[in-house]
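In the two complexes below, chain A is the common chain; its partner is chain B in one and chain C in the other.
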Partner chain A sequence: MSIASRRDFLLKTGQGLGGAAALTGLIPSVGAFGAAHAADLVDPLAPKQPHFPAKVKSVIWLHMNGAPSTLDLYDHKPDLVKLAGTDVPASFLKGIKTSTQGGVGKLYASNRTWKQHGESGAWFSDLVPSIAQHADKLAFIKSSMTVGATHDISILKLNTGDLNPGRPSLGAWVTYALGSANPDLPPYVVLYNGKSEPSAGSVNWNSGFLPAVYQGTAFRPGASPILYLDRPELRAATQQRSSLDLLKRLNALGTAQRPADTELLARVRSYELADRMQAAAPEAVDLAKETDATKALYGLDDPTSASYGTTLLRARRLVERGVRFIQVVSGAPDGETEYTSWDAHSDLEKNHGLMARMVDKPIGGLLADLKSRGLLESTLVVWTSEFGRTSYGQSGNGRDHNAWGYTQWLAGAGIKAGTTYGETDEIGLQVADKDKAVDTYDLHATVLQLLGLDHLKTTFLNNGRSERPTVVYGKVIKELLA
Partner chain B sequence: MQSFDPANPSQPHHKRDVTTTPLQALTLFNSDIVFGWSQALAGRVIREAGNDESAQLTRLYQVLFSREPNKAEKTALKEFLSNEEKLIAQKTSNGKFEVAVPTGLKDTQQLNPIRAAAFVDLVHTVANSNDFAYRF
Partner chain C sequence: MRKEIVAIVAMAALLAVAGGARSDQAELDTDLMHSIEDSNKSLASNIAIKETRGASSDAKELTEMFAQVEAFYARKGDAPDAVELAKKSRALSTQILQSVSTSDFGAATDSATTLSRTCKTCHNYYKKS
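On to the complex of A and B.
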């Protein structure tokens, strides 16, 4: 008796797998979701309403990887220049544990010239002349602080709110809470500048305990941004089409018998989506239709800023196509091997000269372009990093990591533009007024608020505990909101 | 393989989350590895079932699903083979002969390479179908 006819026998006697299959069809196994949410599985990315009306439709999360010295970009400290070359006064070191490896060097001032810009009179150094043109579009957080002294764990905290891997990233929470606004593209895209993925890796755009459908999709540089977007070499488009048609026909034979199985329907749907994505994704990142003027605006005509400018121009195209959350990792200029991030423990002058030149024009261009296309009305741009850099020097001409006081900024929809929240002490080492300290949780709560989401009500039941994006912390910084 | 949502080793689990995403579909449908497996499976089926096409379809379903294809399925598969053969013939008529044929066959087994390439596409599609890649 063959296997097939044995099954046949069991089916005919009514005791077999047919009965079991029908049963699982009615009660889909849906993991932590619980059966009540089975409908979500039909389309877990269906658009959902925010908690309250919001202007922001998309977020561009500009992660300055390696931690720039905001003391040399935005946080102008005349006293630091005056005291340069002397020891850090003990009073400024109170309450912080400084790095043991590099030690605490003499106070260090880099070779900067500073100017106030716009009606807001915000200070900018000569390293960021293009961003300075948009002074009145920005809301500075000059009292940023975080936990940790090494990149990977602080980057993780910046993106997920935890020092250990496992929690969902902010983008994943946003996607979970709001769904997708474009069924042909992933709602949460990661762009990185450089040939390989950022070293800290995919834990920074992971969905953690949320379903994997909410994880970020890293778009690779080049014409084919998603893995397996292209069919195998030996298969023609016509073969692909007819195979998909057969797949549909075979699947229809199965689904017809199990109309109640939502997960099965989701799988059928995922192939249809994949089919559409094969066309939509390459189009979304193709810059062929962009004018030379636009390309120049993003610094594509300068080899130092060309690759980063390309990622930001792609980011704008993704915003236009309804992508909710675009996480951009700053990386390094194409072909650059000596400086691969903002991490200037030495040679700050050279490092930041290069890095600032890489990002300044593209970011200025992005803000100008979003504005002129009316997209700044519905887009939030976040300039962020895992921490800042110390007022005291390291290796003579660099700066160490500083988690106690640094600058980040927001621009775009819902933001009180042209303002500054908080400040650091006179030498720019620590947040001056600890009540005004803005931790990563507060930044997350504020970004969620701008998207129409109450961070306390954005929850997911994991292992019996109701989890939220801000763990057990977080406050919305109302002073930053328009 | 991250797109298939493996259990996170740093988290406690009583059950793996089930997810269904277009990226998974793209991987299964377009990956050269999966396509290579399809070529190998096509080879095995022909090796075991011989040159009779109806027997090949039956063997494929036995290998993948431990059952025989029903009438509707057999009709769909046979129509697909004829149609696919025409499509591949069109593709190769421009003089460039490049098709993906079954692998792992003995040299003695004579095959029409175009029909065989169509059979590879068939195996690849059936292996992508819900009956195979789903938890019935």
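On to the complex of A and C.
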């Protein structure tokens, strides 16, 4: 490539692959900075091929914030009910270290009725009647386990695989490995209901050591999902376009001098993406064209479920628009100040009564809606939490955190629907068979597998060290796959 | 009298050191565990980038370190599970060394992931948090 002038240089560095070739030729001293790497920097979100054919195009990651007691939702334990009010038999505490404030309480059973549903005969409590209608769509993981006694660090492990900040979230890895399927929207979106962003923080959708462009974008509740995205009324679209064009030329000078500065590159791309998103993002989350029937399906007509239902309906719309990873964090119904998460150390009946009502209809609606639109065949829905809750009580009518055995589930593309993998012990405290324990790394490996990615080959060189989403762990749970 | 006092003080000092050493051996050396963790992460990386020399060096180090862990728990006498897990870890490290020497990085990766899970299993029971 010959460069006749600085203007010529600027024009060519702004032109995709032509620019990439220019960068390669102009910076020989950078050594391994080849055309492929340069192409990534020019468009790091360009679609990439998976390692093998994917079953899933989009993931909806339903994080139940605060950790629900799956003993009161999915994991029916008649022995727990029988032994309620008695001390935990010592044999069930073998191999675990408890740290419950106030000490390990008596075994606790809440006022649940249980029924089997569907051909699978899966058990559901009376708290989740809508989800129960979809029993045969779900694949339960009843031998989930993790580490960590507090929410923030276990949420971090759930999303990034580490108890300390600094690693990319699963969504960031997916974006890195597969790129974007829609250039007008972020490929990785975070949704939540409630007044403020999830308390565990944006470290849970961060790109870590991956280039910054792969981080999640949090969409706020309300008509304007992204702060400061809307063009001010006093500014015409043509004025904005002219400003952006000038900014692009100026930024090209900076990126030419610092081609490996991924934060600068991400910022440069973000202006153009923001310009396109001014139209695309509000349209994606605008429910005005949804029918009343659809809104009712997601529970938008019930104040308790309206905010979470809105979030899930937005998630469906984002799936339709090719967003790869949608991380939905549960909050609290509008106006609710007493029970703001599933964290029921006390008052479990009231807490879970409210939280279940907030999510049950919307999740049932989401599964039905995805199915009816043919989207469930290419979408993976994951119910997940940072841990579960103990069989023994706390504060008399609550449950403490339980990292030793709890339930999660998957639904959608590539899943062996209507099945259950693993189980907890008779009182639902620990995973019964440790060989079937499913850690967060295993869940990540399985989700990546469904996206067509081998977790062992999804790597990034960070300061000379090869890193992967599953750290040094992870196994694909083949029994969950169709 | 003075000589007796000096002898008593010296004896007390010797006992304190001996007692301290015994109490050190009551717990597994955390520096050793950190070294194992670091070597394990380095191993995973070296296998992923097919760096034979680095992976071999890491695998050899791990074999030696797991031997120390095994010896510790064998001496302790009350942790047969830990002894078995340490033995398994040592065997896996040796297996990785063999796989790497024949450039079978696929097998090395599988063994390395199993090794990491073995570490976790032991931690579930024996790691003080």
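Here, the second predicted complex is superposed on the first by the 407 of 482 C-alpha atoms of A that agree within 3 Å, B and C clash if a C-alpha of one lies under 4 Å from a C-alpha of the other, contacts with A are read in each partner's own complex, and residues count from 1 in each chain.
Simple rule for what comes next: a contact is a pair of C-beta atoms (placed from the backbone, for glycine too) under 8 Å apart; a residue touches a chain by one contact, two chains touch by 3 or more.
If you're wondering where the values come from, they're calculated on a predicted model, not measured in any experiment.
Student: Touch test for A:274: chain B only (first), chain C only (second), both, or neither?
Tutor: In the superposition, A:274 touches chain B alone.
Student: So, A:467: does it touch chain B (first), chain C (second), both, or neither?
Tutor: In the superposed model, A:467 contacts chain C only, not chain B.
Student: Counting only touches as set out at the top, which of chain B and chain C does A:97 meet: first, second, both, neither?
Tutor: second
Student: Going by the touch definition up top, name the partner, chain B or chain C, that contacts more of chain A.
Tutor: The partner making contact with more of chain A's residues is B.
Student: For A:243, decide between first (touching chain B), second (touching chain C), both and neither.
Tutor: A:243 contacts chain B only, not chain C.
Student: Pick one for A:293: touches chain B only (first), chain C only (second), both, or neither.
Tutor: Neither partner.
Student: Of the two partner chains, chain B (first) and chain C (second), which one does A:456 touch, if any: first, second, both, or neither?
Tutor: A:456 contacts chain C only, not chain B.
Student: Going by the contact rule set out at the top, does A:202 touch chain B (first), chain C (second), both, or neither?
Tutor: The first partner, chain B, only.
Student: Which chain A residues lie in the overlap of the chain B contact set and the chain C contact set?
Tutor: Of chain A, no residue contacts chain B in one complex and chain C in the other.
Student: Under the definition above, what is the set of chain A residues touching chain B in their complex?
Tutor: Residues 2-4, 7-8, 17, 21, 24, 29-32, 41, 44, 164-166, 186, 202, 208-209, 211-213, 215, 217, 226-236, 238-239, 242-243, 246-247, 249-251, 253-255, 263-264, 266-271, 273-274, 277-278, 463.
Student: Name, in rising order, each residue of chain C that touches chain A in their complex.
Tutor: These residues of chain C touch chain A: 40-42, 44-46, 48-49, 109, 112-113, 116-117, 120-121, 124-125, 129.
Student: For a test of understanding, state which residues of chain A touch chain C in their complex under the given definition.
Tutor: That would be residues 95, 97, 149, 434, 439, 456, 459, 461, 465-468, 471-475 of chain A.
Student: Give every residue of chain B touching chain A within the complex, in rising order.
Tutor: Listed in rising order, the residues are 2-5, 8, 10-12, 14-27, 29-32, 35, 58, 61-62, 66-68, 70, 72-73, 76-77, 80, 83-84, 87-88, 90-91, 98-100, 121-122, 124-126, 128-131, 133-136.
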